[in-house]
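Structure incoming, see below.
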Amino acid sequence: MILLTRRATFSASHYYWNPEWSAEHNEQVFGRCANRNGHGHNYTLEVTVAGEPDAVTGFVVDLKWLRDVIEREVLVAYDHRHLNLEAPEFARTIPTTENIAIAAWNRLEPAVTGAGGARLSRVRIYETPDIFAEYRGEA
Amino acid sequence: MILLTRRATFSASHYYWNPEWSAEHNEQVFGRCANRNGHGHNYTLEVTVAGEPDAVTGFVVDLKWLRDVIEREVLVAYDHRHLNLEAPEFARTIPTTENIAIAAWNRLEPAVTGAGGARLSRVRIYETPDIFAEYRGEA
Amino acid sequence: MILLTRRATFSASHYYWNPEWSAEHNEQVFGRCANRNGHGHNYTLEVTVAGEPDAVTGFVVDLKWLRDVIEREVLVAYDHRHLNLEAPEFARTIPTTENIAIAAWNRLEPAVTGAGGARLSRVRIYETPDIFAEYRGEA
Amino acid sequence: MILLTRRATFSASHYYWNPEWSAEHNEQVFGRCANRNGHGHNYTLEVTVAGEPDAVTGFVVDLKWLRDVIEREVLVAYDHRHLNLEAPEFARTIPTTENIAIAAWNRLEPAVTGAGGARLSRVRIYETPDIFAEYRGEA
Amino acid sequence: MILLTRRATFSASHYYWNPEWSAEHNEQVFGRCANRNGHGHNYTLEVTVAGEPDAVTGFVVDLKWLRDVIEREVLVAYDHRHLNLEAPEFARTIPTTENIAIAAWNRLEPAVTGAGGARLSRVRIYETPDIFAEYRGEA
Amino acid sequence: MILLTRRATFSASHYYWNPEWSAEHNEQVFGRCANRNGHGHNYTLEVTVAGEPDAVTGFVVDLKWLRDVIEREVLVAYDHRHLNLEAPEFARTIPTTENIAIAAWNRLEPAVTGAGGARLSRVRIYETPDIFAEYRGEA
């Protein structure tokens, strides 16, 4: 079995805010991330699929197809967007790196698993070069 | 003469929008950057000072001092901020990479030039690893 | 158990071409990679061995020895080479990132496993910083 | 389950030397690393914790807390230090990358495991960009 | 004046060979680069333009326009190509990093200089992360 | 004219200490760098030569020759060394990044300038990815 990974990047805004808490409590828990004007990141998304290379093409999946899946399922929704305001999964869920990893998995998994013998194995999100979260699905 | 450089990073939101234009014209010129919800980046700021190393310390400037100057003059104003909404220099000027380089120079130059024999030589801003702007002052 | 990794780089040419297909079909499947003149990459190879650090030296394996194994088993055959034309394993197998990971494993595994208590655990090949394949052997 | 990682860096000196061996034997085994004057590296430490994101905050752990744990448990002891001479765990154990990974795990594990529902999952140490060791505990 | 830079990458093959020399002399001068099967690299191209930011847009040049210029003038000719065999400027000139920098300048300069107030200032080519050449035109 | 650059790395120890000052004053000025046990870095050295590409080879200088010059003139003296204790130029001069840049220039300049039509143009030293000094000679 081979793990094949493709990276993509997107630039987005977000903030951390719990509407059931006071401003003071939000600032105490979330620090500078609680600024309601938002701040942003160049996120890096790593998508890993697992499978056997095809005997003829040598492909686990076609990387051009995988690029298009990532574009269509994730980047259209997240790139140059405000995650809290524009991505429905973050309307009531705080877009931490952890939750973005889960959301990206949920967006990608149906499209990848339906395609030939490969399956989605791992999604990793870098918020900065020094902070990243990884999700491998519920199973 | 030695050129001594220190890098710092900050995460900020911005958008590109000219209030004198229609929404259509803003989108035509600025593309996805015209989204009024904002989007963001992990910016890298490179600050270069020029001078002679001190004969005793070997320092052009003390890098701990330079770190504090960058923090106080730039990062407090830009990090985890929305540049259009929170930095006064971008209230009516669009925060392109080019303009952020000029604004960071203007913030840093008085603090650096007043300090010993060194002078500010160059400011570089990376919006992404693939796009950066450099300013060396007006002279 | 410790996983100890050493990276190396090599520069090589390749193309993607199935001689049983027409030129049109090759171009349809492989796109620009079907150019028979070849194109190339700076590949990065990551070799990971697993084992216990020796109680005296603190080494899982001697990294100088591992560097020499990588040089002798992989780099001599791949660096500054055309993979399709010069590496026998790619005479009839397309040198995709996936297949290069398997081939590098097959070249390294006998040399590494025969050496003390360590075993080859993982081989990763980066074709570009954004595309990489990982193989952990058949077991 | 999410794997959440934070990176930190530290600059330290070390040498490789077994006092029970002759100078010649030390140089034969350890090469240039046997220089008793020491040499140094910019180490990168990656600390990975595993857990479920909190339903309200979206945090597996608070990354500001994790930064402080890394600072207090590892960086105070290793950064701008000579590992052989100043870190007690290397008084008689050679500070190879492998052994630093184990020692950093041992320093971090009690502090991380005692904190909420998360547990320490993985510690990775880069001695250079091309050499790194990973430890996941004894279990 | 601002220096604004955009990076792009391309993957290409090349070899170093002087047809007026014997094989032995080519190998003596060019080493492993003299392999006529070719080898390849992931090149990084940095294109720097100089100018004043427009008072309204804040742009020295539109970076989307610059991306398209780089694509049309350089990448179409070099990406996934064999430089010696497919780029006419290297039919009799050896595609060293130095000569690729000059050739990229010559391809870009007419398109950039004809566009508004900016001018091409600098072209840099990285053959690997450790080797790069820079050209600023003849003047 | 072309600027051609080659990077190399070395790992070394150093400390900052002025023997004419008290320990307290050294610590006040140099902070953690005043630790007499030393600490260390993975330094990156960038050596830039300027010249015209040879009409036949396309080389400003032979990069294999430049690699050997860097090895012989700088790396033998600095790599896996304690700069204060083993490099004579730092016996009484503090090995700050600034002073290492000057010292590397002085080591390289005679060897490079004596070789064909090229001249040493620039030496850059990275102490960490975030701190670097550049020297272009006295002229």
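The chains carry the letters A, B, C, D, E and F, assigned in the order they are written, with residues numbered from 1 in each.
Just so it is clear, contacts are C-beta pairs under 8 Å (C-beta built on N, C-alpha and C of every residue); 3 or more make two chains touch, one makes a residue touch a chain.
This is a predicted model, so every value here is computed, not measured.
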| item | value |
| --- | --- |
| Intersection of the contact lists for chain B and chain D | A, F |
| Each chain counted as touching chain B and chain F at once | E |
| From the options B-F, A-B or D-F, the pair that copies A-C, where over half of the contact pairs coincide | B-F |
| Interchain centroid distance [CA atoms averaged], chain C/chain D, Å | 28 |
| Interchain centroid distance [CA atoms averaged], chain A/chain F, Å | 42 |
| Sites on chain B at which at least two other chains make contact | 129 |
| Pairs of chains, among all present, that meet the touch criterion | A-B, A-C, A-D, B-E, B-F, C-D, C-E, D-F, E-F |
| In the complex with chain D, residue positions of chain F that touch it | 9, 11-14, 32-33, 35, 37-42, 79-82, 85-86, 128-129 |
| Footprint of chain A on chain C - complex, ascending | 16, 18, 29-31, 93-99, 101-102, 129-136 |
| Residues on chain F engaged by chain E in the complex (per definition of touch) | 1-8, 53, 56-60, 62-64 |
